[in-house]
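Take a look at the structure below.
Chain naming follows the written order as A, B and C, and within any one chain the residues start at number 1.
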Amino acid sequence: MKSQSLISSFNPANDPNTLDSYERAEIDASTRVPVLLFFGSAIFWLLIGSLLGLVAAWKMTHPALLDGMAWTTFGRIRPAHLNTVIYGWASAAGIGVGIWLMARLCRVALVHSKLLIAAAIFWNLGVLVGVLGILAGDSRSIEWLEIPGYATPILFVAYAFIGIWTIIMFRFRKPGHVYVSQWYLFAAFLWFPWLYATANILLVWSPIQGSAQGAVNWWFAHNILGLWFTPLGLASAYYMIPKVIGRPIHSYYLSILGFWSLALFYSWNGMHHLIGGPFPAWMVSASVVASIMMFIPVITVAINHHMTMRGNFGALKWSPTLRFTVFGAMTYTIVSFQGSSMAIPSWNTFIHFTDHTIGHAHLGLYGFFTMIMFGAIYYIVPRLVGWEWPSATMIRWHFWLSAIGIGIMVGALTLGGILQGFAFYDPAATFRTSLEYATPFRIIRGLSGFLLLGAHVVFAILFTQMLLRIGRPQEGPALFATPTEPEKEVAAV
Amino acid sequence: MNKLPLIFLGVFITFASSWIGLVAYPFLTLGKMEPLPDEDTGGYFPPAMSGLAVAGQRVYAANGCVYCHSQQVRLAPLSTDIKKGLGPRQTVARDYLRAQPAFLGTMRTGPDLSNIGARQPDVNWHHQHLYEPQTITSWSVMPPFRHLYKMQPIEGQASDNAVKGLKGSYAPPSGYEVVPTDDAKALVAYLISLKRNFPLPESPEPALE
Amino acid sequence: MSNSTPPPEEQFNESQTADEMNVAKVHGSILREQADPVDGYEPVPLWLITVFFCIIFWAGFYLALNSGGFQSNVYNPKLVSWSGGGAAKDTGPPDPMVVGKRVYTQNCLICHQTTGLGVAGQFPPLVGSEWVLGNDWHGDNHLVKILLHGLQGAIQVKGNTYNNAMPRWKQLKDEQISAVLTYIRAEWGNAAPPITAEFIKQLRTETDARSEPWTQNELKAIPAVKIPPGGALPAAAAPAAAPAA
C-alpha cells in the first residue's frame, strides 16, 4: 500500500501500524477546537497571572509601588494572581491535556465536542468575572476560594459540562485495558466537582460558623493541589514518559499502589496547615500522619517513573516534551518530600507563616505541575494544528528561563523563610528582625519573576505561531539536538 | 483495574473518608458551638461584635489583610507565640465563633492580629497607621490604604472624625483634613474588636515559667 | 444535474496522491510517534514493602499518642483526656507578679518587648528607666497617669530621646494596672516598691475628665509623689499632694 511506504520513508526507524495512525489522526482532529481553546486561554491567563505575581512580589519590598488605588493594593493583586494562575492557567491547561489524553486513551474520537467548547467559554468567563470581582473588592479572602459567589456558578456550569462529557467518553470507550493515566483522570474529574461544590457551599454561598471554617478551607485548598492538579499532572507524566521513549511503564503493580495510596492519604492532608491552631488535636494529628504517609505514593511513583526512564535519560538531550515532563516528575518527588517534612509539628511551627510555605507552593504548582503541562502542550499541539514548533532555540530559552527562574525563586523563598522562622521563634527577636531577614530574599524572588515572565512570553509567541501556522516551516520535529543513531529508534516526539 | 465501577467505588470511598473526617465532623461539632456565658458580667465569651465591627470584616476581606496578617495564637510550648506576646493563651475554635469568615491566615508578613484590639485600642492610631503606615513605623512594608480615606478642605470647623496627628508625605496641606470613609471606620472598629484575652476552659493559659 | 462535475468517487481518486502527501506533512507528528504506552509487570520490590509497613506502623503509634483522646474540645495532642468545666478557681489573692506578667504579655510586650528593653529609637526601655523607677523628677503618680491617659511627643529616657505615642490603658481595671506596674518595677533587675490599686483609683478619679495624652512638659509640672519603699502609700498623703498639682 502506498501510504504504508510513505510513512515508512518518513521515519524508516519506526513502522507504526497505519490503521493506528489514521485512528489517532481522527481522534486528534476531533479534539482540535476544544483543546486549543483551553490551551490558548490558559496561556493568556498565564501571562496575566505572571504579571500580577510580579507586581505582588515587588510590592512586598516596595509598599509604595502603585499605591493609593483600591484595585492595585497588595491584598487584591495577590489573590488575583493566585486565581488567574490556578483557575485561568493551571486548571484550563490541565483540562485541555486531560481531554486529549482521555480521547487518546479511550481510543474514540471526541463525542459532543460542542459541550467542551461551551465549557471552555464558560470557564474563561468565570475566571474573568471572578478576577475582576477580586480586584473590585468582592473577594471573601478565603484562601483559594476568593472568586466571589456570583462568579463561581459560571465556573461550575463550565465544569458540569466537562464532567458530563467525561462520563460519556468513558461509556463510549473501546473495550480493553484501562491505562493508569485514565485512573488518575477519572478520579480527578470526579473529585474536583465534589471538592469545589462542598467548599463553595460551606464557605461562600451559605457560610458555616467561623469556628469550623478553617478545616473546610484547608481541606479544600490542599485537596485542589493533591486531588486535582496532582492527578492531572501524574496522568500526563504517566503517558508522556513511556510514549516519548517508547517503552512500557515499569510496573503495573507500582501504578496501582501509587494510585490508591494517593487517593487515601492525600485527601487527609489539609489540616497540616493548622498545626497548633484552633482545631481539635486529633484532626491535626490525623493530617500529620497522612502527610508522612504521602511518602508511600510518592516513592512508588518516583520508582515507577525512574525505572521506566532508566537507560533512556539521553533522550532528555533532544526531546522538549520529555525534558519538561521529567523535570516536573522529579520536582514532584522533591516537593512531596518537602511537603511531608513540613508537616512534622516542630518543623512546621518553625517555618509556618514564613516565605518558606510560599516557596513550597510555587515549587509544587510551577516546578511540578506547570512544567509537566508545558511538556504535554509541546507534544499535543503539533498533532492538532499540523505544524511543527518553529524554533527549537526558543523552546530551549523557554525551558531554561523557567527552570532557572523557578529554581532561584524557590531557593530564595526557602532560605529566606527559614531565617524568618528563626526571628519568629526567638522570643527576644522583634518583628523588625523577621522583615530584615526576609527582605533581600524577597528582592531576589522579585528578580526571578522577570525570568518566569520572560519564559512565558517566549512560550506565548511560540504558541501563537503554531495557531496561525506561521514561522519557519520545519521538516521534522523541533528538537534540542539531533538524536544519535541508536536514539533515532525512539525519536518519536 | 479494568472495571470502571471498581475504580469509581474506590475513588468515592477514599475521598468520602476525608470528607466525613475533615468537613462533616467539624461542621457538626465545631460548627454548632455556643458562646460561653461570662458569670462575672453576664456577657458572653467571645463577646458579641458591634454592627460596625461585623461590617469591618467585609473591608478586611476586600482588601486582603489576611494575606499578611494571621489571626491565631498557636499551642505552647510547641510554638513560641505566647512567649512572644501574641496572646495570653492558644486560640481555639470557639474564638472564631462570630468570625465571618474566620481569618486564620497563613502568613506573617505583618504581625499577628489575634489581639490587636487589646494591644492597640486607640482609634486614631489605627487611622493614622492605615493612612500611611510608614509614618508610625518607618520600616513597615504595609501598603498605605489611602483609598479608605477622603481628603477634603476644612469648611469652618474641622470635622470631629478627622484623623489627627498625620505627618509624612501624604499629610493634608493646611486648610485640608483627612476623614475616614465608612469602610475605614468599620475596619478600625473590627480591628479594635479583635481581643482573645478572655478565659476559655478548653484553652488553659500555659504556666508562666 | 450537471454532467461536467465528476462523481465524488472520481474526485477522490484524482486527488488521492496529493492528499496522501498532505497527510504525511500535516500529520507527520502523528505518523512518527510511538504506539500508546502499555504496562510492564515488574514486581514491587520487597524493601519497598518493608519501608511502607514501617511507615504505617509508625503512623498508628503517632496517632494513638497524639490524638488528644479524639475529643472535639482537646487542642493539646498530648492531653489524653480533658477535664474542663471552669472548676479549680485558685485559692488566695492572686500574685501581682503573675497577673502583672499576664497583663504585660497581653498589652505591653509588642512594644516594650519580652526583655523590657524596648526597641532602639522606637520604644523606650523599661529596664532601669527613671520613668518606671521614679528617679530624678519622675514620681509614681506620673507613671500611673501615663498608663491612664497615654503619652505623646518627644521624651528623654536614660539619655536618649524617643518620639512616639503610647496609647492609654484606661480600659484596664485598677488591679490590672497595679499588677503590671508592680511587675515592671520588679522584673529584669528593676527594684522599686509595688504600686497599689487604691493609688490608681485615686488618680483615676482625680484625672477623670482628661481625654488627651500627656506630654513630658505637662508631667514635669506636676510634683512627684513617691511610694515609700516600705509599701503602702499613706492614704492622706496623696490627696494632700494632688490639689497642689
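Here, a contact is a pair of C-beta atoms (placed from the backbone, for glycine too) under 8 Å apart; a residue touches a chain by one contact, two chains touch by 3 or more.
Small disclaimer: the values here were computed from a predicted structure and weren't measured.
For the remaining chains after leaving out subunit A, touch-based grouping gives one piece. Chain centres here are C-alpha means, and the one lying farthest from subunit B is A. For the pairs A-B and B-C, the count of C-beta pairs in contact is higher at A-B.
Between the Cα centres of subunit A and subunit C there is a gap of 35 Å. Chain centres here are Cα means. That of subunit A falls 32 Å from that of subunit B. Taking each chain's centre as the mean of its C-alpha atoms, subunit B lies 11 Å from subunit C.
Multi-chain contact residues of subunit B (touching two or more other chains) are listed as 29-30, 75, 83-84, 90, 92, 111. Chain contacts: subunit A has residues 177, 278-280, 286, 427, 432 touching two or more partner chains. Multi-chain contact residues, meaning those touching two or more other chains, occur in subunit C at positions 72-76, 114. Those residues of subunit B that touch subunit A in the shared complex are 1-2, 4, 7-8, 10-12, 14-15, 17-19, 21-23, 25-27, 29-33, 60-68, 70, 72, 74-75, 78-81, 83-84, 90-109, 111, 133-134, 139-147.
Listing the residues of subunit A that touch subunit B in their complex gives 59-61, 63-64, 67-70, 73-76, 78-79, 137-143, 170, 176-178, 183, 186-187, 190-191, 194, 198, 202-203, 207-217, 219, 223, 227, 256, 260, 263-264, 267-268, 270-271, 273-280, 283, 286-287, 345-346, 349, 352-354, 357-358, 424-427, 431-432, 434-436, 438-439. Of all residues in subunit A, those touching subunit C in their complex are 2-3, 6-7, 10-11, 14, 16-17, 20-21, 24-25, 28, 104-105, 177, 179-181, 238-239, 242-255, 257, 278-282, 284-286, 288-289, 292-293, 295-296, 299-300, 303, 307-308, 382-383, 386, 388, 427-428, 430, 432, 476-477, 490-493.
Within the complex formed with subunit C, the residues of subunit B that make contact are 29-30, 75, 82-85, 87-88, 90, 92, 111, 115, 118-122, 125, 137, 165, 197, 201-203, 205, 208.
Taken together, the subunit C residues at the contact with subunit B in this complex read 72-76, 82, 84-86, 98, 101-102, 105-107, 109-110, 114, 122, 150, 165, 167-168, 171.
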